[in-house]
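One structure follows; several queries about it will come next.
Should a chain be cited, it is by its letter among A, B, C and D, assigned in written order, with residues numbered from 1 in that chain.
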Amino acid sequence: MTQLTVDLPGLMLKNPVMPASGCFGFGREYSEFYDLKQLGAVIMKAATGEPRYGNKTPRVAETPSGMLNAIGLQNPGAEKIIVNEVPFLAEYNVPIIANVAGSTVEEYVKVASLFNNADSVNALELNISCPNVKEGGIQFGTDPDMAAEVTEKVKASSHLPVYVKLSPNVSDIVGMAKAVEAAGADGLSMINTITGMQINLSSRRPLLANKTGGMSGGAIKPIAIRMIYEVKQQVSIPIIGMGGISTAEDALEFLLAGASAIAVGTANFQNPYACPEIIDNLPHVLQQHGFDSVTDAVGKGHER
Amino acid sequence: MTQLTVDLPGLMLKNPVMPASGCFGFGREYSEFYDLKQLGAVIMKAATGEPRYGNKTPRVAETPSGMLNAIGLQNPGAEKIIVNEVPFLAEYNVPIIANVAGSTVEEYVKVASLFNNADSVNALELNISCPNVKEGGIQFGTDPDMAAEVTEKVKASSHLPVYVKLSPNVSDIVGMAKAVEAAGADGLSMINTITGMQINLSSRRPLLANKTGGMSGGAIKPIAIRMIYEVKQQVSIPIIGMGGISTAEDALEFLLAGASAIAVGTANFQNPYACPEIIDNLPHVLQQHGFDSVTDAVGKGHER
Amino acid sequence: MKKRVEMIVKSVSEIALDTFEMTLENAFTAKAAVPGQFLHLLVDGHTLRRPISIADINREKETITILFKQIGDGTKRLASFQSGMKVSAIGPGGNGFRYDASMATALLAGGGVGIPPLYCLGKELRKNGIQVKAVLGFQTENLVFYEEKFRQLGETYVVTDDGSYGYQGFVTDVLDQTGNFDHYFSCGPIPMLRAVTNKLGNDSGSISLEERLGCGVGACLACVIPADSEGGYRKICSDGPVFAAGEVML
Amino acid sequence: MKKRVEMIVKSVSEIALDTFEMTLENAFTAKAAVPGQFLHLLVDGHTLRRPISIADINREKETITILFKQIGDGTKRLASFQSGMKVSAIGPGGNGFRYDASMATALLAGGGVGIPPLYCLGKELRKNGIQVKAVLGFQTENLVFYEEKFRQLGETYVVTDDGSYGYQGFVTDVLDQTGNFDHYFSCGPIPMLRAVTNKLGNDSGSISLEERLGCGVGACLACVIPADSEGGYRKICSDGPVFAAGEVML
């Protein structure tokens, strides 16, 4: 029997596979395709202090082996999410991770406190890396001091374990990781999207209404693997890896690079069964490469 | 008649299309496919002060819509290039851009001075962004002060116009661009490759001997477009755009983003005729989108 | 439970310039589909699926017909599919047209590749004994398709932007001539829908919208359209693509 | 001038487990090719071309035969090509085997998918009146291919790693039994080539190498191999893939 369980701060996962934030809503839509209780965990769409409408459309564009999105943190606000969405997910008995976003440290703290008092939320993913909003988000994700500050304040306001979601749009990913680790992060989540743009030749304008968008999908996988590999050598908190995962082989590559669990974003759009298929195939792929468990494989791509 | 000519510091180009550094050697191999005199210019493989052997193999890996390379600046050294390679290219009567690399400011200056005294070299491309060597290269490309220093010193040591080649592996591309502009750069060349990694599941090790490599090809095009678009709004020196160009439509997208000329790298490998095909198709693609000349289209993707 | 199915290409043909008719076989989809819904089709080499409306349903033969225009690489590849090949589809997606089955007359006003779902609807309406009138707008003559098929359903007006075929002008330019109807159904580019809903502001109507989709199932919020000025919104892929005229802000 | 050509698939068949034989038609390539050269093939959905050795040349029918093993997605897609389809190829690439046409006997020592170029060479040697002996190594029985074809050229020894067919062991284990020869030609994985060149250190020989390629034409320096300890090197794609034994450092 191949052991798929993973034990992370605040998260006892039956398997390491979870949908990534923003690519799975709050689970309702994909629950029409399969039973969500199969999932290792669910990371919910970003929550802010107040409801947000987000950006104008078009909000997505396709790129070679990837896509751009500029949703702009559209969400009904943390309070409504706690009342209307969390109970739905909780019925599946699946660990729930709340993705926490904001424009100011105060907003992050507010959202984190709200989830702290909510039942059924097991961990926070601190989204300091959303490239698609005018303020907040990405600044926190590119300045190690600001990242450390928001991590510290959120940690102080909540007993839930905090996974800080790092932005790849930085010169020094290891510096960012160390800064939030020192500030008390329980884990890391990496990577968020890479800022990109597509220009529409006919309209002669950026295709997305927001002009820039976050690139995700297979195209960014080598960047995610590199960053996780580098960070793994310098920090000791666990990493939830993501960026272009669509198969169990991809998932294993992330484990070897140093991720302890993995999240699947863009792949859900092409294949709504992406998560359960990865979960189904993972035991075979692990065995094929000589591993008896997920934890066996974590970090095994590094020199010993 | 569609006007393809472009007039840049030190470079009177009959068309805006040139092969990118490192993807075309010194032209000999592709001269067996077509007559190089068709090209707008040729950017030569990086030159260092001394001959370099480069990294161990494997040096390349394929990624979704892209590739990784870690050649490691293998080259016979600037002196041999000037004696053995430049004269070959000069026979095609095509503007020649020398890609200048090094581990220290002194090495950059040495290489630049050598080319300064060489016949037939029309401009320098300052490679402060090679991610595949242990020292130099990438540091200069991620620290604006170091980038400015090397730019200034090279400018002082050569009368040739200097195009600084920027690395996309930075938090603030505009800051880098402004720093080298202030230091006297005549133009920018962007983007170089983005650092990535692929892990081989069977060997459980990074596939490239160098572990990390630079990602190029279609996958990085949206990142290149975004960076050029952002930089174009903040600097006034011209930009040679590159990153995933394989068609005349791609080339036009770069022009709209703000590039004045474009370079083609990875696409040569799949299609050895990539450059001449883009040159052939560009007039039609320009006309189709309402442009009578290349210069007409430059920067037209921006709000007016 | 929603489904991803493999559909089998039964036929592909070019019915107007760059405009293709494709018949796809799948028992589940052909049974479940209603007019106004779409298929979200996978095309090799593309990250995102392509949404294409259902243009006809044959429940006996278990086939769905789609009509699509070659726009970019996705539709170009789709057009190159050969019969016998399999296509992965999610769907039927979205909500179809809702209407009062007791109405007497329906007006169908479609533009370009907004026309296909109206054909499917028109057939169903006729089967339910509802009279159908159709106004079909195209850019130019060689893009005209399905005129005969619509004529078999009822009174049909064809307009072209350049007047190269039928009336000259926009769909809205002939709406005065179509006479009374109980409800209108419109599908086409946003500017057309805006013009139609403005012109027919007092009538009861339904419109079907297009937007760039991500997931196509309501999860990613790529496809929202404002429903009021207070941040209310609808998702085109799952609340729509069909909306009551006035329900969303065009 | 070098060329990129469109070749037409004439046939594809699986001749051993996951091992495919494909015949490709193109007048230029069939005329220009010599044993030891390779084709650099484009596979849809892949940035880099795939290098595959020329296993046979039919100058009358203007075809080239290649043999390849399904390793990853590129060779998997290649295996799925149907006859009549077109494949873009750059080539013939690299330099073929050089030899003294007056020699009496040649030894061919190949492992796995290193065997194909040796077949092409063997046929040519025989045509030139040179005796051929072959040692063919495979991992296991169901991977064995072209045994009969080699027997038609001359004395042939088959070895499998696990002894499931022919001799048990590595190619080097039977080299003692093959008797005298004037020159050896070897192609296969690097560890095998290292073993062969060590064992046959005093003999004159040629080896053919594999490495991950970028451009495949000598421009990108992806495929270098050290030729001495002073930074000298050769490019496998353009100086090779065939080298004199001892010319490069394995």
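Things to note:
Please note the rule applied: a contact is a pair of C-beta atoms (placed from the backbone, for glycine too) under 8 Å apart; a residue touches a chain by one contact, two chains touch by 3 or more.
Since the structure is predicted, the reported quantities are computational estimates derived from the model, not experimental observations.
Between the contact lists of subunit A and subunit C, the overlap is empty.
Centroid distances from subunit D, each centroid being the mean of CA atoms, peak for C.
Rounded to a whole number, the gap between the C-alpha centres of subunit A and subunit B is 34 angstrom. Work out the mean CA point of subunit B and of subunit D, and you get 36 Å between them.
Between subunit C and subunit D the centroid-to-centroid distance comes to 55 Å (mean Cα coordinates, whole Å).
Taking the mean of the C-alpha atoms as each chain's centre, subunit B and subunit C sit 46 Å apart. Contact with two or more other chains is made by residues 63, 65-66, 217-218 of subunit B. If the chains shown are joined wherever they touch, the resulting network closes on itself as one ring, and no chain has more or fewer than two partners. Across the assembly, chains come into contact as A-B, A-C, B-D, C-D. Interface residues of subunit A facing subunit C in the complex, by the touch rule stated above, are 22-25, 28-30, 32-34, 45, 51-54, 57-63, 65-67, 69, 71, 74, 217-218, 266, 268-273. Considering their complex, residues 1-4, 42, 46-49, 90, 211-226, 231, 233, 238 of subunit D touch subunit B.
Considering their complex, residues 63-66, 68, 142, 169-172, 194-199, 201-202, 204-206, 211-212, 215, 217-223, 225-226, 229, 244, 249, 252-253, 256-257, 289, 300-301, 303 of subunit B touch subunit A. By the touch criterion stated above, subunit D contacts subunit C in their complex at residues 44-45.
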